[in-house]
Amino acid sequence: MTEMISFEKVSKRFGATVVLDEFSFTLKRGDKVAIIGPSGSGKSTLLRIMMALEGIDSGKVSLNGETLWHASGGKNLIAPSRKHLRHMRTHVGMVFQNFNLFPNLTALANVATAPHLVLGLPRKEAEARARRLLEQVGLGDKLSNYPAALSGGQQQRVAIARAMALEPKIMLFDEATSALDPERVGEVLEVMRALAHERDLTIVVVTHQIGVARAIADRICFMENGKILEQGVPAAILDRPQNDRTRAFLRAVHPG
Amino acid sequence: MSLDFSLSFAAQIAPTLARGAGVAFVAAIGGFLVALVAGGLLAAMQRSTVRGLSITGRWLMELLRSTPLLIQVYFLFFVLPDWGIVLNPVMTGVVALGLYHGAYVAEAYRAVLDNLPAGQWDAADSLRFSRYQSYRYLMFPQLVLPLTPALGNTFITMLKDTPILAAVSVPELMFAANDVGAQSFRYVEPITLAALAYLFMSGVAALVVLLLRNWIKGRYQ
Amino acid sequence: MEVVWAYRFEFLSGLWWTVQLSALSALLAMVLAIIAGVARSSRSRWLSVPATVYVEFFRGTSALAQLFWLFYVLPYLGMDLTPFQCGVLGLGLCFSAYGAEVVRMCIEAVPKGQLDAAAALNFNRAQTLIVVVLPEALIMMMPLFNNLLIELIKATSLVSLITIPDLAFQAKSIISKTYQSGVVLLVTLVMYLLVSLLVSSSMRKLERVLSRGRRIRNGP
């Protein structure tokens, strides 16, 4: 069984707005998927559901064979206790649009604190792991810098290292490059590309920047109004879109 | 009657007044510590998901903030013994100050907590920190700096509220000044000295708060 | 509870003294606050420095200390004020300092664009102040003045210690006569609470009236 992520007819609404509409979706271990689409299409909510930061109204979401959410008609069939959610989060790591680094911790501390406190690694080991990861993302010389002293691109790379430090099987990127200046996108994209080379890592990237989708994904899904309208390999979706809405979106957004 | 400020008399009574100022200072510190805790409890009550607790919390806050400290002091002083709790006047004063200002501290806690970016919680949850770990290692350091002005002001205000305790015979500065006046029939020196002493104390306290704020800035950033 | 009924006259009389004291000292405080606040934000050193000294002095000393000083020391200076006058003066001066800070903050918070517009229309300093700055600032000051007013009402209880028979004074004297401290104090607390709530809601209504026409309406 290599199904890593599975959404079965998931619906969610915020008040009167339907954000996900009987959404179904599966990812196998090692898949690299990019989800593109206009704002309000439900892309970010999708990631937040996978990260157990939001619940669902109906349907079923499973990660790595275990059920994360199961609800019907707005009622939960699986009790979403904090313990259950925290357990399910062991499979997933997330990188946010606004980085969300902890401002009072150095880069090293930002990456090392979770392995130390959450995984229980001894401090020295956690810091060694953090050092290694920060060197991998090219920030080996910025270990003792605070986030305020780092550029956006550097902060996001620290954020990626921080998420990877817990060795998740699934990495979620929520508009990871959208808050960066164009010159800075490259350095973060490099890191994401390197991650995409890891065969066993399942990656879901939500973005409205087509260049990012093209660089990372082996499958692209176009989402609008809470549903997937079209999915396929990058070449197919980006160069020969079948659906009118997909075409309209790509035209509006301009490649790159 | 003419204004007749005798420096020698002032010097004579200074030690007595200083003792009173000491009591006032100690009472303010005690009250401050009580306020920190009481404020935390009130804030927690108001954020609680248990409806009874949050409603009680809100009403307590309203009561503490809309009624005079003097009446609250009287209440604790006269009513507690009826309930079997006997505290000496200073302790009563400390508790009264702490509860009264605790309501303001709770407001400060609330404002600071609400201003913490939601993204920080997303990150903490995504990294699987427990609630306790999140507060202690991630959120608390971020909250300390914004809290300093509010807490600093609370302490200074508390210092200036200590003379109210004279009403229940706590031997603080104003009480001592009144006492000297009543015994010597010279009111000008003691009361003027006392008023200036409060000015001096709150000035020093303000300076300390400023220095503390800069130290925290240096340390946590 | 019979105690409360038996002493109802004393309670009400005390309440009346409290209300009178609050109203008069609030008036005095407001007038002085506007003068001091405007002076503080003035560019002229002759105005801003004395105003700053005044504000810092009265903010730094304890209200009760000021009341005591007026009550005990002024007679030596030849000024024979009644306790009530001491109370009004003391509270008025003390709270005018806090009020001045509020006024100053709100004056400085008026958007600079308005000052530019006034300059372009050739308003002189006084006109700018009266026509442009103060109305804007007044609206911002309302909620802050509301808080100060509540503080003032609570502070009036201090005058009970300089022999004015306000609500707090009555409460204390009834306790010493009947030893029924719990009920008496509870009723006193409730009375102050009610006054606070009444004042707050009136201030809010006033704020709404003053900002009529300036609210952003949720239009189509």
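In order of appearance the chains are A, B and C, and numbering begins at 1 in each one.
By definition in this document, a residue touches a chain if its C-beta (ideal position, glycine included) is under 8 Å from a C-beta of that chain, and two chains touch if they have at least 3 such contacts.
Keep in mind that this is a model prediction, so the values were computed, not measured.
**Student:** Quick check for you: compute each chain's CA centroid and the global CA centroid, then name the chain with the smallest gap between them.
**Tutor:** If one averages C-alpha positions chain by chain, the most central is B.
**Student:** Can you pull out the chain pair that has more C-beta pairs in contact than any other?
**Tutor:** B-C
**Student:** In angstrom, rounded to a whole number, how far apart do the mean CA points of subunit B and subunit C lie?
**Tutor:** Computed from C-alpha means, the inter-chain centre distance equals 22 Å.
**Student:** In whole angstrom, how far does the Cα centroid of subunit A sit from the Cα centroid of subunit C?
**Tutor:** The separation of the two C-alpha centroids amounts to 55 Å.
**Student:** What whole-number Å value describes the gap between the mean CA coordinates of subunit A and subunit B?
**Tutor:** Result: the chain centres lie 47 Å from each other.
**Student:** Which positions in subunit C touch two or more other chains at once?
**Tutor:** Residues of subunit C touching two or more partner chains: there are none.
**Student:** Which part of subunit C faces subunit B closely enough to touch in the complex?
**Tutor:** By the definition above, subunit C touches subunit B via 57, 60-66, 68-69, 72-73, 75-78, 150, 154-158, 160-161, 168, 171-172, 175, 181-182, 185-186, 188-189, 192-193, 196-197.
**Student:** Which bits of subunit B are touching subunit A when the two form their complex?
**Tutor:** Answer in residue numbers: 117, 119-120, 122-123, 125-131, 133, 137-138, 141-142, 220-221.
**Student:** Taking the touch rule as given, give the residues of subunit B at its contact with subunit C in the complex, in rising order.
**Tutor:** So the residues of subunit B in touch with subunit C come to 1-4, 62-63, 65-72, 74-75, 78-79, 82, 159-164, 166-167, 174, 177-178, 181, 187-188, 191-192, 194-195, 198-199, 202-203.
**Student:** Flag every residue of subunit A that touches subunit B in the complex, lowest number first.
**Tutor:** Touching subunit B from subunit A are residues 51-53, 82, 86, 89-90, 92-94, 96, 98, 100-105, 113-114, 117-118, 146, 148, 159, 162-163, 166.
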